[in-house]
Every structure is written in C-alpha cells, then in structure tokens.
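The same chain A turns up in both complexes below, where it pairs with chain B and then with chain C.
Showing the complex of A and B:
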C-alpha cells in the first residue's frame, strides 16, 4: 500500500495506545490522540512531560534507543506498521517537521535552496535545475521575498525568522497531511513570532494539513489551536477543545497551568504568581497512583493507589473533553482556589 | 575574502622572515668552523683564513646577514660551501623526491585515517578494535615501523623493493610508513566529527525529509567533516616538505631531509639555510592553501576571515 493511495482517508494523525521507553524510563504512557485535517492540536506540558517524545514518535524520528509501541496512523496510512525503508520513501509526503531551533536544524554548509530542493530531487525525481526551481517556488510560498537570492544563501546568512520560514518551506514542500511542530516560535522575537504564526495559520487553511504543535506558550495555544492535550509525567492527563480547556479545566494540573497565566493577566500588582507546589514528577519515578497526586490539593487515598483513566467528562459542545482525574473540577478554578499560595 | 588572503600572506611573509633570522643566528651560535669542515686536513692557518675570507666569514654578523638577505631577495640562495655549486641545485633534486613522498604520505594517511574513522563511526562493533589500532600506531616510533614494513614487505614477502633507486615502486613503503603514523590523527578527527554530525539536529531534519542514509552521509555529513581534516592536510604537507628525515634515512629515500642532515654535519650553512627556508615557505604556503580550501567548503569560515 502506498501512502498516496491512502492519503485523504482518515484523520491527519491518529495515535492509539502509544508507549515510549528509553531503557527503564517510561517517557510516554498509553497516549491516544487524534489530529483532524486542518486542525491545530496543541501538546502542552513541562519539559520532561513526554510531549516531545510523543510528537517525535508520531513522526518516527526518535533515536533507535527508544522503544516505541502502539499504533500511529497518518492520513489512513498505519506508519507504525511500515518497514523502515518503506516509511523512509513515503515519510516526506506524510509528515513534515518544523524544529524549534532552525539554525541547528539546517545544514550549515549547504545553501538553503538546495536543502529545500533535494526533497523534490529525491522524492519527485526532479533534475537539478527543476529541483532548484521548485525550491525557489517553495520559498516564495512561505512569503520569502526575493526567494531566488535567498535560495543561494547559507543558514547563517539568514535572520531567525527567515530560517524558520525555510524550515516551514521544507516541512510543507510535498504537501503532507500532517505537520509536527516542536515549539517553532520559542526561539524567535515577538514580532517575528507573530509573523510565523500568521504564516502557519494561512498554510493551515490553504493546505488543510493537521498540525501537532508542541508548546508551553498558552498565548499561542489560545490564538492558534483548536484542540489541546495536556501531558504530565508521560501521560495525557486532559484533552479537549481549546475553548473548553481554557474555560473549564478539569484536571488540577491544567488548572494550575492556566492559573499561572491568569495571575499574570488580572492579578493585582504585587500578588505573587501562582505556582504549582512541588516539582514535576520524572517519568521514571511514577508509582501506582496518579503521578500528580503528591502535588495535588484534591488528592485523596484513591489517588495514591489507582492511576485514573482518561475518561470523558460529558461536558463541552461535542462531549469530547477528557480528563484523567479522580476528582475533576466541578466548576472552573475550584481547585486553584483551594491550593495554598 | 581577498582581504583575508592578503592578511594571511603578510603574516606568512613575517613568519618566514622570523624563521630566517632565527636559523641564521642559530648557525653562528653552533660551535664549529666551516673552514675546517671544508679543509679538514689543512695545517696551514693561512689557508683556513683564506677560506674564511672567501666565504666572508670574517665580516661582522650583521653584514653577513644583510648580504645573505640581499641575495635571497634576488632569488639567490647562495653557494654550498662543500659542493661548490648553487644551493638551489643542491636542494632541487631532493626537493622533488621529498615532495613526491610528502604527497604520497598525505594521500596514504588520509585514506587510512579516513577509512579507520569511517569504520569506527559506521560499525560500532569495530570501534574498540579501531581505537586499539590507533593507539598502537601512535605508540610505535616511526623508524621502528619503517623497519618492520621493510622486513615484512621487502625481505619477507618480496612485495616491495628494499633499496635501489627512488621510483614509483620504491615510494610505496615510505609513503605507507608516513600514512600509518599519520592515520590515527585523521581517524580521530573523522570519527569525532562524524559522530557529532550524525547526532546533530540537521541530520534529524534530513532523516525527516526521507533521505536515505547514504545520501545523508554524502551530502550532509561528509562536508561537515572535511573542514578540520583539510586544516590538518595543510599542516602535514608543509611539515613533510621540510623533510621527513627518519623515513628518508630508513628507506634511503634521496629527499631534502637527507640533504639537510648532511649539510648540518658539514657546517654547510647556505644549504642548511636553504632547506630551512624551503620548509618554512612550504608550511606557510600549504596553510594558506588549506585555509582557502576550507573557505570553499565551509561558508561560515568566509565571514570569520
């Protein structure tokens, strides 16, 4: 089965029961997530929460040392069942990747035009001249002015925003149904960040691609994402439509994340910022119960013994809001008020 | 880029001048009388004084240096005390042989070292073996290795000529000696750079683009490995051209190194100076060439320059 034949059938990304282990460390536990075509799904969590491992596993970019189990389907193609070389030949048509640090993610000694063009040469059999031409067109498509001149430059000769545009041009070059973006705007200054976000919003509507977007910037989530999944200690602890998550966070960890932001916006001057007490659990040292229990104000004996399942809450317009908590919030912000500052 | 070249040439000229001054001074610090070396059996002091006068050795050091420098600027390296012919014609033939050996040696060490480095990177199972080979080669003195090769390939297997002449067949063993001695350094550089490159973010990008391993290696990894290796090739070419005495002695290779040793023993100052200048110019020149080639290969070095 070729990817092209299967493309278009099914959601952009469907991850089911994904586990990632690095030796004894269980980095991602039983993660299931769907990205629909044209949708931006934000993957939120602290460093070490497993969000990068999940995203890289979806794109099959983890190093060989990582043991990955579970099912990953991209636009109907079950990539988790494809052989290595079979996946390699189709991957650029299935999933594009945008890295956080474009300076490091571009080869320093190869002109950027050739780095974009080799996609067409390798996957479309384009000649040297055709590939160069297609590269210039791809650079123009991400709104780079004078793309023919930029194509001849090396990464270090470009600004941060331009480098990120080149990354995006490579990711979308073969119009894949899925784009995995790992904090693509974190390293940029605020105005460049806004430009890149606008470009991606534009590409999303034009290409109808699904985006899996790793971030810890709640502002970006609110602005761009349709859906949000919150990760803690390797698990997705809450997911649902962004509006739903923002208005009625059910998991105390999500509440905490949002409270941090709410304080910044509306808290009176001089109020200390809200902090989730304790420090994040490392994925390796999670016991039988809920990983968040030691830091949670609502924890009860059951939290220490049973890890809660990721269950529907029944709320929201489409009833798809899920949370893994024995004591989900009844009303927005309930837990936050209970947590001592 | 042009400014970078000019700056390097200027620094190079200063370096060569420094070497000339230092070695000229050193020659006069070293005890010994060239006149006695020329006429070892002369009993008559007047004969020796006459020789000294002919060689201008009775003039003050500064005057001798000024006249040497003046000749040098006119392209005249002087006349050999012993052989009574121009230094250029004494050094010339040996220089050709040394150049051939230096080139063959660098080719050998790049091939051997690069091969070892590639092996160690691409096949983790042989990594320990490669390190052991590297360490062994580093530990062996160059003349021991040369003699071992002579014994094994020359006397034992009769694969290579042992002595006689300096042709393409005779260059194999000395070049192999240089290659084996230099290989560990290249192996180390290649292995380190490749491992760094393979672990890099840009190689992950290349993987995400669905490029094959071979393509990634050729187009994305190797170019990033070249730069430091080029610098080292430049250094080696320069230093080998100033004579690889040990190898030339072991294999009776008629290079500039042997000429230099003979001249030193005979206090043949103009010839010694000639070999020193050739070596200094070679080092400066090949460093410059290496820098220029690096600028071609690695665009980042163009702006630094």
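Showing the complex of A and C:
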C-alpha cells in the first residue's frame, strides 16, 4: 500500500466529535478536524490544552484508562471502529509518529539501522539483508549523509538533529497516509530546527502524506502549515487556512499568541513585552462559559454563562474559517489593541 | 559588576568550553548571551556564579578578582541571585515554598533568617512580601512546588533569587520551558525587578529575538568564543558577523507569506552538512560540542561560513571595534547595509 493509493480513499485524517476523558478530566471536548493528503495541519496549544490527547487519540496511542468517543478515520479506514488487535496490525501502515524526545523514543541498545529495518521486516516480510538495505535507503531519504555508517550507530552517538532525522525516517518508512508529529523541533537549536523544517517541507511534496503537527510555536506554524487549529482548555477554539489565521485571527487567544510573537520580534528593546494576562486554564477547571473568558479583554456576561459554538465566520474566501467566540475580532488585530499591557 | 578577562575554560579531556572570552556586565546594566548548545553560555553562567574557576584568564566582581575557596566565595554569592531554566528541576520538591524562598536568608545568615532578630516570624513576613512582589500574593507558605504550574514555580524561583537583595541577577534560559502565554509574564517580571532594584542582569538565551528585546548589550557566542557584541538593537537588526546572520536566518518566519525555511534550505551550510565528522556528538566538533585545543586555529565559524577564505581557516580573527560599543571577530564582516529582515 502506498501513501498515494491510501490517500485516494479519503482525507489522511478525519476526526469527528472526538472526546477524551481521563476519569473526571475532560481533556478533549467535541473536536472535529480534517487533514488532507499532502497537507500539514498545525495543532496549536499550550500545556493542558488537549493537543497531545487529540493527536494521540487520532493515532489510537492513548492508554486504556482514557475514555475516547467520536469517529476517527485514517485514509478512509474508520479506525475508531476497529478492534484493538485489528488496529495494531494496521497501525504502522496507517500512521507514523515523530516524538519530541527522540532519545526516549528510540531503543538505546539497538543500532538505529536495525530499528528502522525492523519496520520492513515486521510489516513487509523483508529478510535480514533486505531490511538492512531498506533501512539505509530510508536514512538516505531523510538526507542523512553516509547513511550506511550512521545505521551502525546507537542513538546516544548521534546529535539531537540526527536522532530526529532517524525518527522521521521511521515515521515515513512504510509511507503511511498520516504522520503525527509531537513538537519534534522544540528541543532543538534554531539552526537544527531550520534543517528539520526544510526536510519536512521536502518530504510533504515527495510523499503526499498528511501531517498533524503539534506545536506551540507560531513561527513553526508560519513556516510549515497549510491549516491551523488552535486549542484552548480541551476545545478547538479556532481553525482555518493558515494565511487566514495569521491575517485575520478571530479568537482573542489566537490574536494574543500572534501578538506575543510579533512583539518579541519587533517591539522596542527594553520595554515590557506584550503579555496575555492570567494563566492557561486546565481542562479540569473549566466551568459553564468560555474557558478563555477570565483572561479575555472582550469578555461580556454571556461569555461567563455560555460556551460559544465553533461557527463559520463567513467573510473568508471559502467560509472555512471557524471560531468559538461570542465576540470574534471584527477586523484583524482589533482585540490586540484592546488588550492592556 | 562582573568581568570576564580573557577567560578560557578547558574541561578534562581537552574539551574547550570557553576560548579567550572577555565580557563586562556593567553595574545596573544588562548583558545578554545568545548562542546554540555548545556555545559556552552555560559555562559563562557557572563561572559567574563561582561554581567553577577559569582554566586561564580572570573573573572579577566589582573590580576585584573572584576569591578562591567555597567559604571565601560566600559573601560574593550573596550578591548574586539566579533563576535557572527548568523550574521543575531547580526547586526541591520536598521543600515547602517557605523553605525554598527563605533559603538564601538561612545560608547567608541575613536579617529575617533564623537566629536573626524577628526569628522565623520575621522571615515569614519577608517571604510573603517577596512572593507578593512576584505575583503570588497570599501563597500558602506550607505548600510544595508540585502545587504550582511552570509559571508559578518560576515565580517562586524569582522570589528566592531576589529575597537576599542581590546586586546581580543571573537568568539562564528562564522561560524556555514555559508556555508561550506565560513566557512574557515571567520576562516582564524579571525586567521590572531589574529596573526597580537597579540590578545588573546577565541574561542567557538561545532566542535571539528574546535576548535582543530585553537587554542592552548582546554577546553572540559560538563554540566558546564571543563572535559579535554590541547594543541589542544593532546586533538584532544589523548583524555583522556571518554567524549572527545565520542565527537570524534560522529563526522561523513571522507570517506564512514570508516562508524561508520549509520552502528550501536555510542560508549558509548547516554544521551537520558541512562537517563530515559532525553526526557523532561529542566526538566531532559540530555545534553539539566545542572542539579540541589543537584543532582550534582559525575562526571557529569558518567550517560553516559561506564567506570563509583560506585566511579564516588559518588565522583567528581578532575582535574588531566599530565605535565604542560594537565589535565583531570577522575578517570579512557583512556590510551594514546588506541586511534587510
């Protein structure tokens, strides 16, 4: 099965009405999201926003203690309806994962070439020699110079950037239609991050997979994403084409995130930084109204009592820009000017 | 306040962490160190805190040489408050907030510490006042760090740093493990404290935008050397050293219409591509670690520099002064007019 063939049968990922609960904590609330083949969708959020729970639920990697409801389809296969063992057999062909901490994700006592090769042995029935050969090719495909030499090394012998490349090689090795990436560049130096972003830019055009890319960095979103979804306290509070999100953010939280970055980049030296007041709400602490209301400059009584629905904003070129806000920004940047320093 | 005079630090095994570094943190001023991992930033912090001694060169505090020996360092250590990167690591989880924040009082036998007039009650008042000053009014002194979010913990760390009324505040990546919306709050708190108390601030970060925004003078470090130093705005907006320029170019775009990384390769060859030995961390002399003394002739950036000539590889460029405040170590600096962001 190639990525192109699989992608032909539907979007890379289609999440509908997803809920994730850990006991009393409602980590993801009614999330719907689509990743098209060849697209990078950025899932933006802070600690506790539910972004990792959503992504892990999409890959069905959550522990049994998590109660997941809703529909998840990967390239047309409705994985939320598959039995556990049935899904485990197909997972590697459907979804590849790139973790933040490659050191923890890779096996420290097995040379990286064998770890990559194992995928081909298990899922493609490759012989030992074939697997070793395929592993070297997979490492070369992520632009590792002298891949044959690197294949013989252990994870601790590689730099952080190289380990991340090995992770990416494993994620794309079987050409799955969906790749889930959990902040894979957060721990890297800027120049190494730049290389990894360039590599992903390359891969997306080469392999037509859909990427679900978790991040809190609006710069990475600007560089990589076609579509952006912003999560706050378990909900997707805004989503749309990335250009729209940057040009006309509607939710005050999105506006705040963008303003924070803009101010850091171009504010006058020595003056206080733009800041969003308050601290991020944890999903467990959310009341009846909008979870962002306590931090919001535009909040009104209705915001405290009713959680706004995620509605189309209209106005956008394709009506695809959605925001969950009683008072979405009328014009780009309106709320940013209103939020006090 | 703190001076590095031709300071080198060579660790056992010959790893060069600092190579002839001269820096001055003026009284009441602020100095930022920016660079990637392996640049020597953290070694500078350890030397400034008196945790290590230079292999050669001299460290001064208030014009006098750092004293030798732990006991004789104490009066000097009292003058220095510090805030470290990870508040989950730097606060002892078994200590109460009271004990954490009052620790400097106890260690240095300061007023408010036990045994001093006022006794424990006096200390509690000081601790409570200090917590209120960092935005944690009414915090339970008997609570443990686990009760607090990352931002809350960093506030506790700042309260601890300031309670002994130090003259110098050293911040080593104080916000890099925090959520975006909390980062600016913590930076603003540090800026406010520095301003109100007329502190000398040494601020270390890998984030050129952040550093350029919050300090007066920025020193850019690469593999143990200061390659460029000058007023923050000038270094940020018009870098003269090719490495500073490469750092700029590696920072992700601020808008999807200005993509530069994922669209192609970043300007200037990256270390892993240019240095054939670099994939193996610790063995090679990539950005991951400083090189051996014997191999350190020439400019430390020459192997990555698109402008490098034979001279750069053989001769170490001296710091060239440009006006009273600005200098760079480059034979062929980027012309001032050549840079547009």
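Some points to look at:
As a working rule, the second predicted complex is superposed on the first by the 334 of 341 C-alpha atoms of A that agree within 3 Å, B and C clash if a C-alpha of one lies under 4 Å from a C-alpha of the other, contacts with A are read in each partner's own complex, and residues count from 1 in each chain.
One rule holds for everything that comes next: contacts are C-beta pairs under 8 Å (C-beta built on N, C-alpha and C of every residue); 3 or more make two chains touch, one makes a residue touch a chain.
All values derive from a computational prediction rather than experimental measurement.
With chain A as the common reference, the superposed partners chain B and chain C fit together side by side. In the overlay built on the shared chain, the residue A:194 is in contact with chain C alone; chain B does not reach it. Computed from Cα centres after superposition, the angle at chain A between chain B and chain C reads 70 degrees (steps of 10). Judged by the touch definition given at the top, the superposed model places A:118 against chain B, while chain C stays out of reach.
By the touch criterion stated above, A:179 is placed in contact with neither chain B nor chain C. Of the two partner chains placed by superposition, A:250 touches none, neither chain B nor chain C. Contacts of A:291 after superposition: neither chain B nor chain C is touched. In the superposed model, A:214 makes contact with neither chain B nor chain C. One of chain B and chain C touches more residues of chain A, and that partner is C. Superposition on chain A leaves chain B and chain C with their closest Cα atoms 11 Å from each other. Residues 157 of chain A touch chain B in one complex and chain C in the other. Within the complex formed with chain A, the residues of chain B that make contact are 200-202, 204-212, 215, 219-220, 223-224, 227, 297-300, 303. Chain C makes touch with chain A in their complex at residues 36-37, 149-152, 179-185, 187-188, 191-192, 206-210, 212-216, 232-233, 236, 246-247, 249-266, 270-273, 276, 278-281, 283, 286-288.
On the chain A side of its complex with chain B, the touching residues are 59, 61, 88-93, 95-97, 99, 101, 104-110, 118-119, 122-123, 154, 156-157, 167, 170.
Across the complex, chain A meets chain C through its residues 46-47, 144-146, 149-150, 153, 157-162, 189-195, 197-198, 200-201, 216-225, 242-243, 246, 256-257, 260-265, 267, 269-270, 272-277, 279-280.
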